[in-house]
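Two complexes, one shared chain (chain A), two partners (chain B, chain C).
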Partner chain A sequence: MLTYTLRRLLILIPMLLFLSFLIYLGLELTPGDAVSYMISPERYATMDPAELEAVREALGLSDPFLIRYVKWLGGVIKGDFGYSLQSGVPIKDIVFDRLPATLELSAGAILISTIFGIFFGTISALKRGSIGDNALTLAGMLGVSVPRFIFGLLAILLFTFHLKWLPVGGRLRPGYEGFMDRLPHLIMPTLVLSSTLIAGVMRYSRASMLDAMNRDFMKTARSKGLPEWRVNFVHGLRVSLIPVIVLIAFRLPILLGGTVIIEQVFQWPGIGNEFIGAVRSRNYPIVMMIAFFTTFAVLFVSFLIDLFTALLDPRVKLD
Partner chain B sequence: MNGTKKKITRLEKKFDRILMREDTGLIKKKKGSRAFRKLMSNRLAVAGIIIVSVILLAAVFAPLICRYDPLKLDLRNKLQKPSIVHLLGTDQLGRDIFARIVYGGRVSILVGMGSALTSAVVGVAIGAYTGYKGGLLDNIMLRLSEIVMAFPQIILVLLLVTIMGQGLRNLIIIFTLTGWGGIYRMTRAQMLSLREEEYVQALRAFGLNSFAIAYKHMLPNAVGPIVVNITLSTAMFILYEAALSFLGLGVPLNISTWGNIVNIAQDLRYLQFFWWLWVPGAIVISLFVLGVNFIGDGLRDSADPMQQG
Partner chain C sequence: MKDDDVIISVKGLETFFYTNNRCNKAVNGVSFDIKKGKTLCVVGESGCGKSVTASSIMQLLPKLSRIENGEITYHSNEGDIRIDQLKKNGPKMRSIRGSDISMIFQDPMTALNPVYTIGFQIGENLQYHTDLNRAERKGQSIKLLKEMGIPLPEQRINEYPHQYSGGMRQRAMIAMAMACNPKVLIADEPTTALDVTIQAQIFELMDKLKEEHDTAIMLITHDMGVVTELADDVVVMYMGNIVENGTVDDVLRKPAHPYTKALLESIPVLGRGKNQVIEPIKGSTPDPYNRPKGCQFAPRCPFADSSCQVMPDESSISDTHSVRCLHPMEAV
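And now, the complex of A and B:
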């Protein structure tokens, strides 16, 4: 296990370095004075050209490219992510300010899609070929074919304007702070974000359950005289769940990508919303850093999943 | 003994009768590939083919079925409800919505299919050669694709939009840059499994060069999954175009695309009171993608008998 972990780490580290190099290359190639996002804007505004030149020298902007990259990387590791071009707020503050909202949304979507996806998938497999199975399969196809933002728009039209049950968007009304006050705002974005994920999870868990149902241990359980529900849900489901859980974790990029659009539809103040805003206003440092962090998160999580899968299934290590 | 003998002769008679009928032209021989017949017996796939062809034909013959120019402004008749004059009504600038959807299909489908084809060309060209050759180049390309695929795709797409700017051509380039990874990995995997086949070893023994072996002799055997992948990625790229244009970051707003039509719904006033401005566009996107996905799934089932469920 230790050698496997080390080997995976040896693959992960060069990839992260290459990724950071690409991001830095992007930062260098995009228009704009590099000084403007490396020092705080109050200082930038009050400096005359000669002083600016001195700062440039001090920051090492006249160094060769590779040395600048190494210095930048050192800063990032220490938590210095640079400054936003427009507002001048440190990018670190923006990210940490927006992160909780996105995590809340994603956690809700993962929870809902896992529960409903596995439930529908298992039902579908147990009743294979029935009307219910066909209807669920069709609903799954709709789930992956209808764009999520359209689900979002339809949900707003129905639940906000016609039924007047839920607020149109945002995360909090001014003056309200508890989780229960946030809950009505959370419902629609979470459900809409889950829609596509449910379809995927349902597909996987149906296939996985069908696979489990054909195994010998199911016949053994049945021949012991166990009731049918116990055979299916205790023996079958437990085995079918392992690959599904691993696959859910692998869908993190889809989840993160989904939040970008859903947050925009519902004006949810998360990372995705900030990202779109930065893309619109050509705020390059923010765009680059958010892209860097999401990808970093994806690479890191898939590294953890690899380790986890290797723990569960010893054969993986031999690959 | 007697019984079996009788049975065989009866069966042979039946075959003779069928052959005779075929000779006289009473029934047709089964034509086409097995995969194609299997596809046509899949009800969802046939429904997909019908949906997609109707929308595709409408887009191709747009000038014949639209009475209005999709770009012509008519501010006096803006925000008209659907009627005989304007089948689906008019938008906030008085443009005919039916014409916008039909003409918008041209751009949306072009972006979707164009990007799927270009990323397939890139992915297959790299995957076929490096998959067969292996070695350092293969390793480098594999790592590169891992990096590209680690980015949540929409984030990488938006990052490139920030750098390269909006526009139709840029969008196709960006989709290709971000989308070649999947088909590259698949082609490479196919080549790895074909590499050890005896005919490949024979070709190598003849001294044929690697390019000819990889592209001319091995690639045709991997074509089934590639076609399935192109179909499914067409659906994906149409969804991406729609999402980007909805955000106002895809094709410039003055060109009609399906995403640009739905873009208006970001304004809550239009979303609530003028549903006909965006609902038809939303339905057409969903229907088209659904149809393409049906075809893709049908193709997968008919091309690969192993993958059914």
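And now, the complex of A and C:
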């Protein structure tokens, strides 16, 4: 178990290196650079090439590709995440400034979707074929297939323009500070973000529960004279949860970077919004750092999932 | 036949399955008795309604099936209980299941829950049928595993089903079923998933438990060898009917129904050499949705004639032996 954990953790390092290199390469191959974005097109066309070169030199953009990558990597290893090319603000500050907003949004959505997804999915399976099950199935299909931003726009239309219950976007109005002041801003993006997540978890846990309900051990449990709730929840649900938990865990990386579209729709000052801005302006140190964090999160979560499935399912051995 | 030594009597049981608006009469009027402390073997080919009969007694039928007609009476110490009239998962039925009547299944790997320890799964049974506290339940579970011949029960109790071997799993299953000292143990082909040497051990164990606890056993099996070894009484089923019913001597030595006879002739016998003639039963089992008229075995029966177009009634040959055939075979 311990050797397994250590080995898995060590494998993360070469994987991270490789992926970060790929991302860096991708950015390098994208046309244009930060300088061409910072300077207006009219001036850019008339500027002396030597002058442009000087700006690039100052920003460290004129070194060969590999040298720049190694420099960047060295910085990251030392804990120096670099500076924004445009504002010169340390990226560490930008990330830690933006991250809480994203976490607030996505943690809420994951929590809501886990609880309601499993609840509705299980009920749906237990009441298979009922009106409720059919309604939930339809809702689930809609939730899975309709893109989130459409839900977002519809929600804004309904709750902001027609009902005037909730603010259109943003995280906080000027002059307000506490969580209770933020809450009205938080409701709509969280619910919209969780809508598709709920639908996925629900469909999955319904299928998994139906599968568990047909297993032989359910009959054994009944043959012991256990009451139905115990048969269904202690025996059925417990077994059906294993794949569902894995599914949910694979979604944890959205805590760090998967909320881009929702943040755009609701003008949420999170990492996703920052990421889009940075890609547009070829602000590669920021793009690199956010991509790097997200990659790390995905890799780390898949490692956690392995540990967690071993806990949930005694048949899984980690050696 | 309603004497004191009957523990469960089944009368005219009909259990039907409804799928795609069609009705499969899986059990079509079956009557038999399970005697106290005796072993009743139910024999017959796949799909003849053996397992459905067992599930009917436990009220553990699948969703699409139900008991249409007939009586299942459990002669408990507190008087007779009509099992067929109890609510399927009602408190009364639940208090009987696992405590008075318990059941073991074909494949112990799938019949045990993979995510709970053996101790937990045995303890559950005790939790719902006895007043023992947690520690006592654990002690009792260890005792049970020991009785079933599982070595190191103190450690084994904390292990999961996948850590047991096939035979041990079935032993654990039996420990679970025997936890509350049931009056009747229903075993639905308990050794089909096990290899032959283990099969023998499991049957030995069941026989021992029958003697020691005075438990009646209803054993569903294909294996005629097992019937010879264990059975006191035998019921032969074909297409949802009992075709022959009697003591083990009656049925195996003096088979009266052509089907029973054919069944016995289709089994190789150890010691008769490799050139022995094995006579398979001609044809195959009819489609349950398109049954033959009258005697169900008639189309495959070498003795059938036009009178077999009518379903024969059960006729007694002796006090213990009855057969559902118009042309019962002479005792040889």
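Here, the second predicted complex is superposed on the first by the 236 of 319 C-alpha atoms of A that agree within 3 Å, B and C clash if a C-alpha of one lies under 4 Å from a C-alpha of the other, contacts with A are read in each partner's own complex, and residues count from 1 in each chain.
Throughout what follows, a contact is a pair of C-beta atoms (placed from the backbone, for glycine too) under 8 Å apart; a residue touches a chain by one contact, two chains touch by 3 or more.
No experiment lies behind these values; they were computed from the predicted model shown.
Engineer: Given the touch rule stated above, what does A:290 touch, chain B (first), chain C (second), both, or neither?
Structural biologist: Only chain B is touched by A:290; chain C is not.
Engineer: Quick one: is A:262 in contact with chain B, with chain C, with both, or with neither? Answer first, second, both or neither.
Structural biologist: Neither chain B nor chain C is touched by A:262.
Engineer: Using the touch criterion from the header, give the chain among chain B and chain C with more contacted residues in chain A.
Structural biologist: Result: the larger residue contact count on chain A belongs to B.
Engineer: In the overlaid three-chain picture, which partner chain does A:226 touch, first (chain B) or second (chain C), both, or neither?
Structural biologist: Second partner only, chain C.
Engineer: Between chain B (first) and chain C (second), which, if any, makes contact with A:216: first, second, both or neither?
Structural biologist: second
Engineer: Regarding the shared-chain residue A:15, is it in contact with chain B (first), chain C (second), both, or neither?
Structural biologist: The first partner, chain B, only.
Engineer: Which partner does A:153 contact after superposing on A: first (chain B), second (chain C), both, neither?
Structural biologist: first
Engineer: Let me test your reading of the model: by the given contact rule, A:279 touches which partner, first (chain B), second (chain C), both or neither?
Structural biologist: Only chain B is touched by A:279; chain C is not.
Engineer: Which of the residues in chain A come into contact with chain C in the complex?
Structural biologist: Against chain C, chain A makes touches at 215-217, 219-228, 230, 235, 238-239, 242, 312-315.
Engineer: Which of the residues in chain C come into contact with chain A in the complex?
Structural biologist: 58, 60, 89, 93-99, 102-103, 105, 107, 110-116, 124-125, 128-129, 160, 162, 173, 176-177
Engineer: Along chain A, where are the residues that touch chain B in the complex?
Structural biologist: 14-15, 18-19, 22, 26, 29-30, 141-142, 144-150, 153-154, 156-157, 161, 168, 206-207, 210, 253-254, 256-257, 260-261, 264, 275-276, 278-280, 282, 284, 287-288, 290-291, 294-295, 298-299, 302
Engineer: For chain B, which residues count as touching chain A in their complex?
Structural biologist: Against chain A, the touching part of chain B is residues 44, 143, 146-147, 149-156, 158-159, 161-163, 235, 239, 242-243, 246-249, 262, 265, 268, 271-272, 275, 278, 282, 285-286, 289-290, 293-294, 297, 309.
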